[in-house]
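A short worksheet on the structure shown next.
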Amino acid sequence: MLNVEGLRSRYGRIEVLHGIDLAVNSGEIVTVVGANGAGKTTLLRCLSGVQPVTGGSITFRGESFTAVPAYRRVGHGLAQSPEGRQIFTNLTVEENLRLGAFLYADDRVEKDMQTAFAMFPILKEKRNLAAGGLSGGQQQMLAITRALMGRPSCLLLDEPSMGLAPIIVAQIFEVVKSMRDLDVTVLLVEQNAYGALKIADRGYVLETGRVTMQGSAAELIADPRIREAYLGI
Amino acid sequence: MAELMQFVLSGLTVGAVYALVALGFTIIYNASDVVNFAQGEFVMLGGMITVFANMAGLPIPLAALTAIVVTAVAGVALNKLAIEPARGAPVVSLIIITIGASIFMRGLAQVVFDKQLHRFPAFTGDTPIMIMGATILPQALWVLFGALVVFAGLWAFFTRTLTGKAVLATSNNRLAAQLVGINTNWVMTMSFALSAGIGALAGVLVTPITNTSYDVGIALALKGFAAAMLGGMGNPIGALVGGLLLGLIEALTAGYISSVYKDAAAFVVILLVLFFMPRGIFGKSSTDRV
Amino acid sequence: MVTKRVTLLILAILVIASPFFFPSSFYYRIGSLIFVNGLAVTGLVILIGYAGQISLGHAGFAGIGGYSCALLPAHLGLHPGIAAIVGAILSGAIAWLVGRPILRLKGHYLAIATLGFGILVSMVLANEAWLTKGPDGIEVPDLGLKDVLELVGLDLSNSQFWYWFSGIAFVIGAWVALNLYDSPSGRALRALHGSEIAARTVGIDVARLKLQAFVISAVYASLAGSLLALQNKFITPDVAGFMHSIEWVTMAVLGGAGSVLGAFFGAAILTTLPQVLTVFQEYEQILLGLVMMLCMIFMRDGLLPSVLRLIRGKDK
Amino acid sequence: MTTLLEVSGLGITFGGLKAVQDVGFRVNPGEIVSVIGPNGAGKTTLFNMISGVYKPSTGSVKLDGENVTSMDPYLLARRGLSRTFQNLQIFQTMTVLENAISGFHLQEMGPLLADLFHLPSMKSRAGKAETEARALLERVRLGNAAEKEASSLSYGALKRLEIARALALKPRVLLLDEPAAGCNAVETEEIDHLIAEVAASGVAILLVEHDMKMVMRISNHIVVLDHGEKIAEGRPEEVSRNPKVIEAYLGTEAANA
Amino acid sequence: DIKIGATMSETGPAAFLGDPEAKTLKMLVEKLNAAGGINGEQIELVLYDDGGDPNKARTFATRLVEDDEVKAIIGGTTTGTTMSIIPVAEDSEVPFISLAGAVEIIEPVKEWTFKTPHTDRMACEKIFEDMKARGISKIGMISGTDGFGASMRKQCLGVVGNYGIEILADESYGPTDADMTPQLTNIKNTAGIQAVLNPGFGQGPSIVTRNFQQLAVGLPLYQSHGVASKSFIDLAGAEAAEGVHLPGAALLVADLLPADDPQKPVVEAYTAEYTAKYNEAVSTFGGHAYDAFQILMQAIERAGSDDPSAIRDEIEKTTGYVGTGGVVNMTPEDHLGLDLTAFRMLEIKDGTWTLVE
């Protein structure tokens, strides 16, 4: 479904991704694990098109995506819940969600919105308030649901559990798991590597801009190096 | 009483001019946080192109339409040629670009047109309309009407349409806007076209009252900017109320206190209002949390 | 960031060496105008570049400084040089008074408030004709320093004298601004630029610091206004005008609002450009606007930072 | 031991929403008190009130016995209270080192004239601040990044930079809002150690964190908020067994973990 | 070649003054050179646009003197720019002929400075003379706050007493104002006012005139020489401008002048030439530049050299020069050389100027 080959990217003169190869198959949940500064966020930004790519290629559902502008990728089914939430602080919660489905104007929008509200009832309570007034965790919920409003066939999640209460974290992982049934592919970046690997099919380990390990989630969880470096067990 | 009425009518006349200019600022500001200092030049172009198209033989309505279209195109060109290539630049840099653009357009107008003052006849004659012993020119009503229509249109646009929300989203968080599928470049282009068109419309409506020349833009932009800030930048109702209020303050000061310091009075009021309402009368406080 | 020492060295060399390349004595006039503008813009660099606060009314302070040099000698018999200093103190005091309420505002609201202040000043200067002789302006007495230099054997033409005088003033101004940059106060100013709330939580008295920056930059503008008035021997309310404020801000941003060297280049470009463009006659304005736009498009962070980045190869 | 930070009856409303209501607790020197609770419970708001960013509508904050309610943050900083932010507040255009030095503001600040003319007194103050700032950066593993512009750091690194800046104040009371967010298990442990170390030096620490392992490990005392109200408090093992807490916050699964 | 310099406000708020001035100069230089120049030498004109900014004017004046090394300067469209050029001219001893109005320019007399337009004081005197003749003794005044309006207001206040006229209302408006009805309402409501005077230039006077009609004030309206160009009537509208009185130069009424008027051939020739070349109506402002240029050329011719001080001396000796502004007779005490007869009292009738007998 999503194919990345030799992907390179840089900030100014400093290259931070030095040729990433990665593939996500349809319906899979794949997680990327890595330390602070490894380049996980940069990778996702390249995939969603907001970060310029300086080498390599991105293919999505057989089409070359490398040069497609960010705003068009959503239409192809690629949605992202970005790091730092990036919600529209001056717009209301409901407007945020509505804009998540910017490309659509059918009845499903309202339905999707109700689904989102069902997922996080607090958002419904606050639907008419400026999103900037939400608490950190509430904003995170909004960021995730807004991405879902885009009807993705492939969802990019950058640390979705950040700032969420344990009970909600568990719920988020459930939601991600349920994506499999909806036939939505997920690429998940998580600091809670243990939780992520537990629900993922496969995983990649990113170290300073390179993929150093990959394999099935079960393999990775069992790998002593990973257990020591990322899981802290 | 008739006296007060006259001051009020004068204030509304002038205020409607300010309001129209202020309304023009809103869209570009809402899309990009940029106060477009070239907005006054759009108003100038609206007036001047109408004058010269009219001289070249077009009847006024057609000339006005030409002016609005040409100016909207100029707005698009400004975005495509100057604002878009500078994407990612800090807001001040963009503002300086608009200042450069305003000098450029003024310079161009002075070469293409001339440096004389111009005017074309009021749409529906100059016979003053009497209201309670005071008078107002029919053209002033046109301006007021124009301001109200533009206001209503903008208000509906920003509160009722998804495109309007997309404009707001673009300035609020450009990155996120792209992530939800908004073509932010297109939003900017459309905003410039609309702003410029509204500016030109203002020029067409006000020229019979204010006259026009290649350099009327600066003063109009200044007053429009002040009005927009008084009302609260980016909010159509703020632009409308701010403009009318500014006109009224000036007229009442000129009438009752001192005509020398009427502009000063306007600015003193703005300073006072901002002291108590740091984001203008209708300005919403931004809700970023730490 | 170019270091302080390098910046000062470059500036000093520019001031001292430029005259060797002047085709005529007129260029001293341009040079001195660059320094005068550079001084005011350096003040704005402190306010805009360091502290992140905008002002569209600084020409108002130039008006106060300039008219001090005209009015204080005429009415109180002060020496024009003393008058300039009194003017600077007055500007500082007024900045302190208006700055307290105004600096609570942010962004465009601060812009309109300062703009309003500048317009009020120019209006008073234009309308209180009993004091200022109104819109047509007023004469400013001679500084007299040139004659003193003549006595000690230094015979400079008017333009030359003002070139050196403003040049020295500018370098001193630059030195002080550079000192500030790399000092606790300068760091605190830049910090509040980055995040006001975080600045407060590390103990920075944000209100006071903004006010200090505003006052300092007002003093710079005032001195620039005085220098201009003294060398023109004539001043009109135009110095305090809105366009003049905009011009200075443009210079600051064009050069790269964060740097003193940038202030110099911004001032140099916008002061010389109109002189160069005169050969294009009626196309002058068009070209001026065009050059401004092109500069900002291709050097979005301002001339100097962009050039530096180019040299170091760090394109962003 | 005297109480360093005493909060009592604190409350605030936002447009009808009672974000925090009648919350009180104490923190002693060397103690780590954690505030936990569901998203939107009012933890950050509580921090904002204590640190002077918001003005509480009821209640009081006492620092070392002095009533400091609604005091401006910079004055609180001068009294030894320092904090980090859930939504990062970094001085983006400054270097990492300069960010850290700004934490020493109170220590390096002198008369303005000394700054304008670079008098020797200023140089020695600033020099000292720089040395200490570098040492501090080493401590949070940012020594190598000292000369980088802060905006070029990854999220996790910025989190550590904020902690360093807060530590630079040499606070008596330190408020940390989700310091481990965005850090993996190993990195979280490092932060753990850092916090414990700071507490051991006698600093009173108030912590908001959703990483329960960390909270349970290092807290001396836990305050649980829900809907702006304190629903429980006590030692970690007490709190983690409290059914109300499990229901509102931990969830059954996490409670077992 | 003889280099002469000019700095004018071709752009900026005084552009509609500076523009015809600059055009006139260019036209005259071209024509003169085509006809073989002066004293066998070609004239080279160095022309700068100061945008109405006194500081720029000063810089350009310095440039003219120090870089271009011109022998004489024409210019200073406004009083403000003129005043900042004067020190340059005086210091460097280059003759300077200003095109601005204020009497301060030549009073006190400055050695190297001359001017061609009538002073605003003369305009006031001419107006008050006319009012007095019509039996008007109580008036209201509304003046622009720009340099021209403020200066003329001051001069008018200074001389009004000499004519036994009283100013009962004294209002003003800003240069870019769009509506003056509040001020005019106050004037209208002031008891006893018999006429209204509006010193100003630019767009203000045309709006005052329109508002005057809108409010049906119904009193005689006097404008100043600041509106002395055909476009004023267009801007105000023929209907509103009907009956407006103003002092103006012969130039505006070239065709109405009696055949024996000495100015007639001069103004007719200039009008014909200018309209042919630029396809726009003449204004007295261009006329000021015309006069300045002619006075300068005649002085150079008489001096027989391009030595600035010789030129200066000859300018000062100008006598009997018949120009668009009147007959000029300069003396060491009078660097203007015009008297009140140079002004004609004009009235607008049926959308055009007429001479008031």
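Order of writing sets the labels: A, B, C, D and E. Residues in every chain begin at 1.
As a convention for this text, contacts are C-beta pairs under 8 Å (C-beta built on N, C-alpha and C of every residue); 3 or more make two chains touch, one makes a residue touch a chain.
Listed by chain with UniProt protein names: A, D = Branched-chain amino acid transport system ATP-binding protein; B, C = Branched-chain amino acid transport system permease protein.
What you see is a predicted model; the values in this text were computed from it and never measured.
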Interchain contact steps from chain B to chain E (minimum; 1 if touching):
1
Which neighbours do chain C and chain E have in common?
B
Could you tell me which pair, B-D or A-D, is linked by more C-beta pairs in contact?
A-D
In terms of CA centroid distance, which chain is the most far removed from chain A?
E
How big is the gap, in whole Å, between where the Cα atoms of chain B centre and where those of chain C centre?
31
Give, as an integer number of Å, the spacing between the C-alpha centres of chain E and chain D.
73
In angstrom, rounded to a whole number, how far apart do the mean CA points of chain A and chain B lie?
42
Within chain B, the set of residues that touch 2 or more other chains is 110, 260, 263, 288-290
Chain D residues counted as touching two or more neighbouring chains:
44, 53, 85-87, 89
What are the residues of chain E that contact at least two other chains?
10-11, 145
Chain A residues touching chain B - in the complex, by the definition given at the top:
48-50, 69-72, 74-75, 79-80, 82, 86-91, 95, 98-103, 105, 130-134, 146-147, 149-150
In the complex of these two chains, what residues of chain C are touching chain D?
176, 179-180, 182-188, 190-191, 193-195, 197-206, 212, 216, 258
Please output the residues of chain E touching chain B within their complex, sorted ascending.
10-13, 15-16, 19, 142, 145, 171-179, 181-183, 185-186, 189, 202-203, 206-207, 210, 213-216, 231, 234-235, 237, 239-240, 280
Interfacial residue positions of chain B with respect to chain A in the complex:
162, 165-166, 168-169, 172-173, 175-184, 284, 286-289
Of all residues in chain D, those that touch chain B in their complex
44, 48, 53, 85-87, 89
